[in-house]
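The same chain A turns up in both complexes below, where it pairs with chain B and then with chain C.
For the complex of A and B:
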C-alpha cells in the first residue's frame, strides 16, 4: 500500500500550491462576477447597489459589442495565419545549413524580446508614419501616394505589428520540430521519387502538425488579450476596438466598473468558445 | 537490369577522405554484401550508389548509363534504411503506395501492386495500421514492401536487421534470401555481421577504412583470405593467429588457423596448453586455450560431448593443410 501512502502524501504536499493557485484565480474571478452585478461608478457616486443582469444586457446591446468581437477575431485569425505560414517558411529556411547560422537564428528571435509598447511605437513612428515613415518613403519612391496605415488599413497594421512580435515564437517552435524530423524519412522520400514540394506536403507538414497546433493554441491565449499595441497606435479607433480594449474603455474611460466587469465575463466566455473551437479542429493533432 | 559499376569512385567530407578511389562491379541479379568494421564507409558507399551523397570523383554506371549526376529518384534503385524510415503518419497501405503515387501510376495498378506485395510479405492484415502500431519485424517488412512495389533494378539495404532480436533476425535473413531467389534482382546489402554476409551473399566485399580488402564468394574468402584482416574478419569464431617460433616453422611472419581446424585431445598433440574458458553450446564446445608460446588464448572448436573443463591440460593438433601463412605485410603467402 505504499502507493496509497505516497498518493496521500503527494496530495498533502501539493495542497499549498493548489490553494494558492485557486486563490490566485478565484479571487479576481469572484470579484469580477461580484462587480458585474453591481452598479458601481467610482467617480459618480460609488457603489449604487445591485442591478441584476442590467450590466450584461447593456454590454451586449451596446452598438460597439459585436464589432469588437469581430475585430478581436480578425486580429487573432490574421496573426495566426501570418505567423504560422511565415513561421513554417522561416523555419525551413533556418534549417538549411548556411554561413552564420547561429547569428541569424538569434536575430530572428530578437523581436520577441522587444516590449509590445516599444515595438508598437517603433512601427507607428518609424515605418507607418505617413510623412516620415519608411513605408511612406518607399511608396513615394515608386511614385505612389503614401498610405495612412493606421487609419486606412488600421486592422491590417495592427495585425502586422503583432505578427512581427509573435513570428519568432512560431519560428522557434517550428524550427525545433523540423530539426527533430528523421533525415532518413526525407531521404526515403527522395528515393521514392517525391519532388521537394511533395516531400514538404507529405512528410514535413504532417510532422509539424503537432507543433503547429501548439503554436496556435498558445498564441491564441495571448492574442485574445493584446492591448498595448492598440493603446499605443489607434487607441481603439478605426475599427480596431477589440473586446479587451472595449472593457478597458468602459472601466477606465467611462469609469463604469460594473459594466466593464460584465464585459470581462463575456471575454471569458469568448475565450472559452474560441478554445473549444480550436480544440475541436486542431486539438486532435495532439493525440498522435 | 541492375548491373552497377563503380569506377574510381571516391568520397571525402571536407578534408577527410572516407573512400579513396575504388573500383567495383556488381553483376545483374547478384546478391552483394558489403562487410567491414564500424565506420569503414559501408553506408557511405551505399549512399553514393543511391545518389544520396555526391561523389567527390569517379563514375557510377547503372546498366551501362553514366548515373553519377542522376538524382536518386531517377536511378531506379530502392533503399531500405536501418531505421526503416517509414512515414509515421501514413498507414501501411499509404506507405507502400507512396512511391507509386509519386510515379503517378494509375489507381488500379497501384492497388494491384500493393496487394501483391502485402501478400508476399504477410502484411495484408496490417494494411490499415500505422507504423507505430507494428512490431520491429513488421516494420521491416513494410520497408521492404515499399521497396519492392517500385520494381527497382536493384535493392540497397543498409543494415536492415540490426534493430531486430536474434530470432527475428534469422527469420528475416531467410525471407530476404527467398525474396532474392524469387525476384532475381540485384541486391546490395550492408552489414557488419559476418554471419549475415556468409549466409546471404553471392559476393562479399570486405571493406576497411574505405578500401576494398577482398572481393569474392563466401567460400573463397573463407578458404583463401587475401590478408590477415580478411582472415580475421570472415569466420566465426575468429581465426587464431600465432607469431614467433611456431610461425617461423612454416616460413611465415604470422600463421592463422581456424578453431574448426584444430583437433583437441586430452593425451597427445602438437601443442600443449591449459583450458581457460570452456563454452558448452550443446552442439559444439569452444575452448579458449592458454599456451606458453602465445599471449592470446587460442580458440578451439570440438564436438558437443567433450569432457574437459577449466584448468585441465589440453593437447592441440592443427590440420597442417588448413594453416594460412602471412608475411610481414599481413599478406597471404602461397
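For the complex of A and C:
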C-alpha cells in the first residue's frame, strides 16, 4: 500500500517537469515540421499552400548549402582537434606538482565564463583588428604586414575564438578524469621503468578514453549551434556561414519560413545522431 | 639527490603552467586593463600595458549613455528567476527519481537530456511566432520561460546526481526513530540536499547569464540582457575600445567570480554525471 502510494506521489512530483519539457519539445517541433511542408513567406503573401518535400529539396540544392556544411564541419572539427589535444596536454601539466596550482586553474577556466558576445567582440576588435588589434602590433613588430583576420583567415579566426572559449571545458573535464586515475598503477609503471611516453600511451590515455569521448560529444552538440560568435564578427560572410547561421538567415532575415524550417529539420536530425551516441554512454553510466 | 630533481621538475612545471595560464587568461586581463585607459591610450601604438593614466571615466560613460543598469537588471532577473523556477519544478522530479525509482526512470532522464540536444535554430521560428502571438517578444517573462525550459534538463540531472548520493539508510533510520514524513524532509533530507541544490543554482545561473541565442533573437531594447547590450557594440562608431572593455568587464565580472566557485559543479553539471 505504502509503496503504491509512494509511487503515485512520485509520478505526481515528476509531472510538472515532464509536462513542461514535453510541451517545449513537441509544440515547436510539430510546428517546424508543419512549416517545412509549406510555402510560407510571412512578408510576401504569407501561407501559399502545401509543397510536399519541395523545401527539403530546395534547401539542399541551394548554392549556399554545401559551403555551409563545409564551414560547419571545419569549425566543429577544428575546435574539437584544438581543444582535445591541448586539453589533454594542459590537463597532464596541471596534474603535476607545482606552486599555485589553484590560481593557475582559475586562470585557465576563466574563458568559459565569459559570455560569447563579449569574447567574440573582444577578439574581433582588440586582437584581430587589422589596424589597432594586438595581433596587428605583434605582426608589425616582426616586420610583417598585419592580417585582416576576419576576412582573410575568417574560418581560422572563428576557430581560434571558439577554441579559446571551450579549451577550459575540455581541460577541466580531462583533469577531473586524470585525477581519478589510480595513482598506484602509475607508480607501478614508473618503478617498472616505463618511459613517460609509454606510461601516457598505455595507462593514462586508455583511462581518459571515456572522458575524451564525452568531451567530443558534448562539445559537438554545442558547437553545431554556435551563433553569437558569428553574429557579432562576420555575420556569416567570408565563408563562415554555418548551417545554424544559414537557417537563421533563411528564417529571420529573408523570412522564408518554409525553407528555413526544412533546414531546421535537417539540423535536428544531425544533432540527434550525435546525441544518440552521447546518450548511450550516459545511459550506461546510469546503471552502475 | 632525488629531492633536488623533484624540485627542479616542480619549478619547470610551475613556470610552464603559469605561462600557459596567463596566456589563456590574457584576453580577459587585457580587457580589464583597457577598461581603465582613455580611448587614445587604448589604441596607442605601441600598446601600453600597465603604465598609463588609470581612469574610471569609461565606466561612468557606459553607465549613463546606454542604460547599462537596465540591461544588468534584465540579466539578473532573467537568469535568477528562470533558475529559481527551474529549481522549484525540478526538485520534486529529481527527488522522486532518486528515491522512488521505477523501471522508466532511466528512460525519462535520458529523454529529458535529449530535449536539451534539440538545436535551438531548428525551432526558432515556432518560438518566435508563439512569442508574437502571446505578446512575449522582448519581454523578460518570455525569456524567463525559455531560459527555464532550456536549462530544466540540466537542473533535473544535476539534482538527480546529487540526490542519489544521499544514502537511503539514513531515511530508514529516521523513520525507525519515529520521524514523521514532514520531519524527515525538513530535518534529515533538506540539510543534506542543500549543497547540491546550491551548486545547481550556481551553475544554471551562469549558463542562463551567458546564453546568447535566444536572448539575441527574442529581445530588443526593452528586455535585452547584457549579452544583447554587448552585441550592440558590434557596429561601433568612433573610438570605443576602452568603453567596450568597460562594458565587457562589467558584464563578465560577476560571473567570473561566481564561476570560480563552481569549477567542480561545472564538470558534474555538463557531463551529466558521466565524469566525476
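The criterion applied here is as follows: the second predicted complex is superposed on the first by the 252 of 288 C-alpha atoms of A that agree within 3 Å, B and C clash if a C-alpha of one lies under 4 Å from a C-alpha of the other, contacts with A are read in each partner's own complex, and residues count from 1 in each chain.
Just so it is clear, contacts are C-beta pairs under 8 Å (C-beta built on N, C-alpha and C of every residue); 3 or more make two chains touch, one makes a residue touch a chain.
Quantities reported herein were computed from a predicted structural model and do not represent experimental measurements.
In the superposition on chain A, A:144 makes contact with neither chain B nor chain C.
In the superposed pair of complexes, A:48 makes contact with neither chain B nor chain C. Look at A:85: by the touch rule set out above, it reaches neither chain B nor chain C. Counting residues of chain A touched by each partner, chain B versus chain C, the larger count belongs to C. Of the two partner chains, chain C is the only one touched by A:93; chain B is not. In the superposition on chain A, A:190 contacts chain B only, with no contact to chain C. When both complexes are overlaid on chain A, the residue A:273 reaches neither chain B nor chain C.
By the touch criterion defined above, A:60 lies against neither chain B nor chain C after alignment on the C-alpha atoms of chain A. Interface residues of chain A, counted against chain B in their complex, comprise 182, 184-185, 187-195, 198, 202-203, 206-207, 209, 288.
The touching residues of chain A, counted against chain C in their complex, run 6-7, 9-11, 13-14, 16-18, 20-21, 24-25, 27-29, 31-32, 35, 90, 93-94, 96-101, 103-119, 121-127, 132, 134, 137, 141, 164, 167-169, 172-173, 176-177, 180, 210-211, 214, 218, 221, 224-225, 227-228, 231-233, 244, 247-248, 251-252, 257, 260-261, 264-265, 267-268, 270-272, 274-275, 278-279, 281-283, 285-287. Across the complex, chain C meets chain A through its residues 6, 9-10, 13-14, 16-18, 20-22, 24-25, 27-28, 30-31, 34, 43, 45-47, 89-90, 92-93, 95-97, 99-100, 102, 106, 108-110, 112-115, 117-130, 149, 152-153, 156, 206, 209-210, 212-213, 216-217, 226-228, 230-231, 233-234, 236, 241, 244-245, 248, 251-252, 255-256, 258-260, 263, 266-267, 270-276. Interface of chain B with chain A (complex): residues 50-52, 71-73, 77-79, 81-83, 85-90, 98-99, 102-103, 146, 150.
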